[in-house]
Every structure is written in structure tokens, then in C-alpha cells.
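Each of the next two complexes has subunit A plus one more chain, namely subunit B in the first and subunit C in the second.
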Partner chain A sequence: MSKPPIFLNLLKIQLPIAGVSSILHRISAVGIFLLLLPFSMILVLASNSEEGYSIASYLLNLNSIKILLVLLLTGLTYHYISGIRHLVMDFGYWQTLNAGKISAILTIVLSGLMSLLLISLVW
Partner chain B sequence: MNSIATEQISTLKMSIYRYDPDTGNKPFMQEMDIDIPSDKDIMVLDALHLAKEQDPSISFRRSCREGVCGSDGMNINGKNGLGCITPLSEVVKKNKLEIRPLPGLPVVKDLIVDMTQFVDQYKKIRPYLISDKEDNGKEIPQTVEDRDKLDGLYECILCGCCSTACPSFWWNPDKFLGPAALLQAYRFISDSRDTAREERLDQLEDAFSVFRCHGIMNCVSVCPKGLNPTKAINEIKKMLVKRAL
Partner chain C sequence: MVTKLYTLKRTGILDYVLVRVSAIYQALYFSVITFYWLLHYPLNYGQLNGFFDILAIKISTVLVAMSISYHSLQGIHHIETDYLTEPRIGKIALPARRILTIYSYIQVAGILICGFLLVI
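This part shows the complex of A and B:
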């Protein structure tokens, strides 16, 4: 007998905003994991010698690197704010559906605003 | 022709998940036009019955038709719910109604899923009162305050809408207990008459049983009884952390 099917088409299943916020939390973690090491290496390079500083400065002026930097900082900001939201919930607050929705929306909006600020700082 | 005792009729476009294990064919969505009364609101289950009049081979579970038995949990336009207490006016968008089985569980036929994984997790939490006190054949007294602690917990009808809306349960249905079982776990942990509180918490103290819940509240948003499994799970987490400190 063949294996029975399972309906699990994620495009056909509604995901409430709190779920979207949770997925973004994970995506931001993956982004941070991938980008933190290269940018840490640039930081080490910049602090080792004058020549290293010049190379790091040149790299950080490239638009492609600036985009990656903004992505890293946005990811960190989102992960940080979302992490605080989770901590608040762990302490027993914001546990109703409405509070969960509002806090998820605020997390996303606040991170978006911070991201705009970061873009203006980086460029 | 559908038999509706009404004068005002409108047509609803229904799309129903079909799967028949006997044919060996893959699941598909069957499109149907259903005549429904336009002068009153009917439930999703009523619409399914009308669809069944057109095609009697459509299979789904139902029993009490009033949100008590929990038989007709299904995915309605992307959101889990009970067909019998979900009015069309709440879910129909652009005159379209898509019905699929509860997500994440093996499909037996059409909208009928195999609930074994769900029930197995429920069994694990030992959903009954455990007392080491001598059974003298009388009731075990409970204060009004202690009884109040069970409100919002005991009302669960085990329809499975919450657990099958939970991504953690989809990915680990054998390890993560799921919101329904955990709500019941907390119901017995909170019961002043139960004396197995510590054993129950011991059983939950691993990386998967409780801690796979990340508080996304899908369970709360779909519960047809308006219960809050996320809150119950967080209470269990707090108890486990307090014990460990």
C-alpha cells in the first residue's frame, strides 16, 4: 500500500503575523550567521595595520558591501527586538492573541524604521 | 439540483481536496458550483453537505454539528476550524471556498485524516487524574479558587485544529507534544487534586516535548473554543525553569 498523502502546502495555509515574525526571526539568525564572520574579518583587518585599514575602508565604500552591511545590521536589529519580544512573552506577558499580533507588528515596523535609519547612516 | 427551502439562491464556488486511496491517484482539488441561500448565513459544514448532494463520494467526518464533538476539523480557506460552527460569511472570499484536510496528518480519504499521531501525543501526557490518596469512593474536595484554575483548560474538545496548525508539530509530530496535548498536560498539572505534578513535569523536561513551542500563536488563532494553548505552554515552561533554578 502506498504512503498516504499529507496536505502541507505552506502557500495554501494562512500564517498569522506572529508566525511571519517568528520566521523572520529565524531568517535574520541565518543572515547574521553568514555575514557576521566576513564583517568581523574586515574589522580585524582594519585594526591590524594602516594598510589593512585602507583596504577595509575601500571595501566598506563599495556599494555591494554596503548593502551586505545594511542587511547584517538590519538582521541584528530585527533579531534583537524580536528576541526581547520573546523574552517578554516568556515572562508571561503579551500572551493573548491580540497582544501577540500587536507586538509582532510593532517588532516588524520598528525594525523597518531602524533599517531605514541604518541605510542613511551607512550611505 | 440542490434542495434548499428558500427563494433567494446564490452560487458559491467550492474547491474541495479529494483523495481516494483505492484509485491510487494523487490528491486533487475538485471544483464545484453550489447553490446556497443568499438570504441567510449557513455554516461550512452545510455547504459541504450541499456539495455531497452533487457528489456523494465526498468524504468528511461530522457528528454533533454544534462544535462539541470536534469531528469536523478542517482547513477552511487556509485556516483550520470546525466546519459546523464556521459561518460562510466569516471565511468566503471572492465567493470562493477552499476546503482541505487538517495539515500535517496523513490523509485517509478526502477530508478525513489519520489522527493517530495526535492521539498518541495526547496519551503521553496521561490525561486523567492521578492521586496517591486512598480511594474511599467519595469525591475529592476542591476549593472554588482551585477549580477556577481549570477554566480555559478543560474545555478542549480535541478537534486537532491547533496542533495541526503548528509548524513545530508538523516537523516533529512524534517528539513535540503539540498545543492540544500540552494544554491538557497543564490542565492536570494545575489540578489541586492531582498528586503527580512532579512526575508530569519530569516527563516534559526535554528539548522537544514543550520547548519546541516558539510562541507563534497559530494554535490560539485557530482554536474554535477560544482557548489559549500558548499561555498554558508558557506556564509549563516557567514551572520547568523555576524547578531547574
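This part shows the complex of A and C:
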């Protein structure tokens, strides 16, 4: 049985832009997976009692939590937009090389802009 | 009908479809929520509490918690069977996959509990 060739010099592997978009989809998925539960706990705290709401707004005013919140929101926006792109491709559109490139660039640029907007909303 | 569903399950087509369906549902839910909260932007406790008293929001929040749990279990399973394999990281792959799976079940339980706590 022959082994498949393995080439793992990460500095020399150049992903095409569609590949970058795809791996970012997975990375943002892991980020959401790690951060969603703590922030939904804060949401439960905030919506169940008046004191809980003030504790939650105190927590959300801390800079470290704000950074985590921006990371979560950026991941969510990226995953949302990129997920729509994947769905469109599942239905059979945008499947040529050119369309894939353009939609990947559009996805990254749009979610970058959205993330700037979110940073300005959170701060 | 039963055999048809069983075939779908065995080939993974059911999982494939359900992941997409839950994704579309979550996209709709979060679009509505974001739009609502941007309209009422500096929100206070009364608004937040009243928002989760609306019956439609209650039902769709529980449904979205369930759909997030399904989607994340499937997603973590995809990621761990792609990256945490023996050719990539060696003998530690199997225990690493098991730990990640157990952690994802705990996390999903947390998300479901949060969903129910939001609506009661």
C-alpha cells in the first residue's frame, strides 16, 4: 500500500482565496463553538432579573469581555455570510472558478466591513 | 417510508439536509433578532424581559436552541474527523476526539438549558 504524499510546509502552501474563505468558515465555527455558551449565559442573566441586568451590563463594559464579544460577533457574521455562499453553491450556482473567487473575496470584504461596524457599536 | 428514511440516515443525506435546514432557520432567527434590536438600540431591562415574553419569540427561541445544538454537534463531528486523525496527530487522536465529543455534548446541554431559561 503506497502512502499519499504529505507536504506540510505551511509557509510554502498557498491556498487559493476560495480555500481561505472555506478554512475561515471552519475557524469561525470553532470560535463560535467556544464563545457562544458563556455569552448566552450572560444573556440569560440579563433577561431574568433587574440585578442580573446590571451585573451583565457591568460585565459587558469590561474591555476583555468586549474583545471576546467582538470576536464572537465577527465570527458569527463571517459564518453567516459564508454559510449563505455555501448554500448558494449547494443549489448549483456560482460554481465556476471565477464566480468562486469573486464570491470569496466579497464574503471576506463584507464581513470585514460588518466587523468594523460591530466594533464601533460595541465600543 | 421507514426504509426510505433508514436509507437516508445510512448514507448521511438526512444529516446533510438537516444541517442546511437548521442553518437556514438560524439565519432567519438571527436576522429578525438583530433587526429588532437595532430598531430598539439602547435597550433596557424592561424591553429585554418583555421581548422574551412574546409567545412567538418563546417558541422560536427554544427551536433555535435545538437547531444550534444539532448544527454544532454535526459541525464538531466534521471537524474532528477531518483534523484529529491518526495520520495527522498520531496516537493521541482517538482520546482527543472522545474528549472533544464529550465536551461538545456538555456544551450542547448548556445551550439547551439556556434556551429554556430564557423563555420561562
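Observations, loosely collected:
Convention: the second predicted complex is superposed on the first by the 117 of 123 C-alpha atoms of A that agree within 3 Å, B and C clash if a C-alpha of one lies under 4 Å from a C-alpha of the other, contacts with A are read in each partner's own complex, and residues count from 1 in each chain.
Definition applied: a residue touches a chain if its C-beta (ideal position, glycine included) is under 8 Å from a C-beta of that chain, and two chains touch if they have at least 3 such contacts.
The structure displayed is predicted, hence computed values, not measured ones.
In the superposition on chain A, contact of A:Asp90 is made with both subunit B and subunit C. By the touch criterion defined above, A:Leu76 lies against subunit C but remains apart from subunit B after alignment on the C-alpha atoms of chain A. In the superposition on chain A, A:Lys12 contacts subunit B only, with no contact to subunit C. By the document's definition of touching, of the two partners only subunit C reaches A:Met41; subunit B does not.
Residue contacts after overlaying the shared chain place A:Glu50 against subunit C, while subunit B stays out of touching range. Once both structures are placed on chain A, subunit A residues 6, 90 are touched by subunit B and, in the other complex, by subunit C. The touching residues of subunit A, counted against subunit C in their complex, run 6, 26, 29-30, 32-33, 36-37, 40-41, 43-44, 46-48, 50, 53, 76, 80, 83-84, 87, 90.
Residues 1-8, 12-16, 18-19, 21-22, 86, 89-90, 92, 95-97, 100 of subunit A are the ones touching subunit B in the complex.
Per the touch definition, subunit C reaches subunit A in the complex via residues 20, 23-24, 27, 30, 44-45, 48-49, 51-52, 68, 72, 75-76, 79, 87, 104, 107, 110-111, 114-115, 117-118.
Only residues 17, 19, 21, 24, 26-27, 75, 77-79, 98, 100-108, 114, 165, 167, 170, 214-218, 220-221, 228, 230-231, 234-235, 237-238 of subunit B touch subunit A when the two sit together in their complex.
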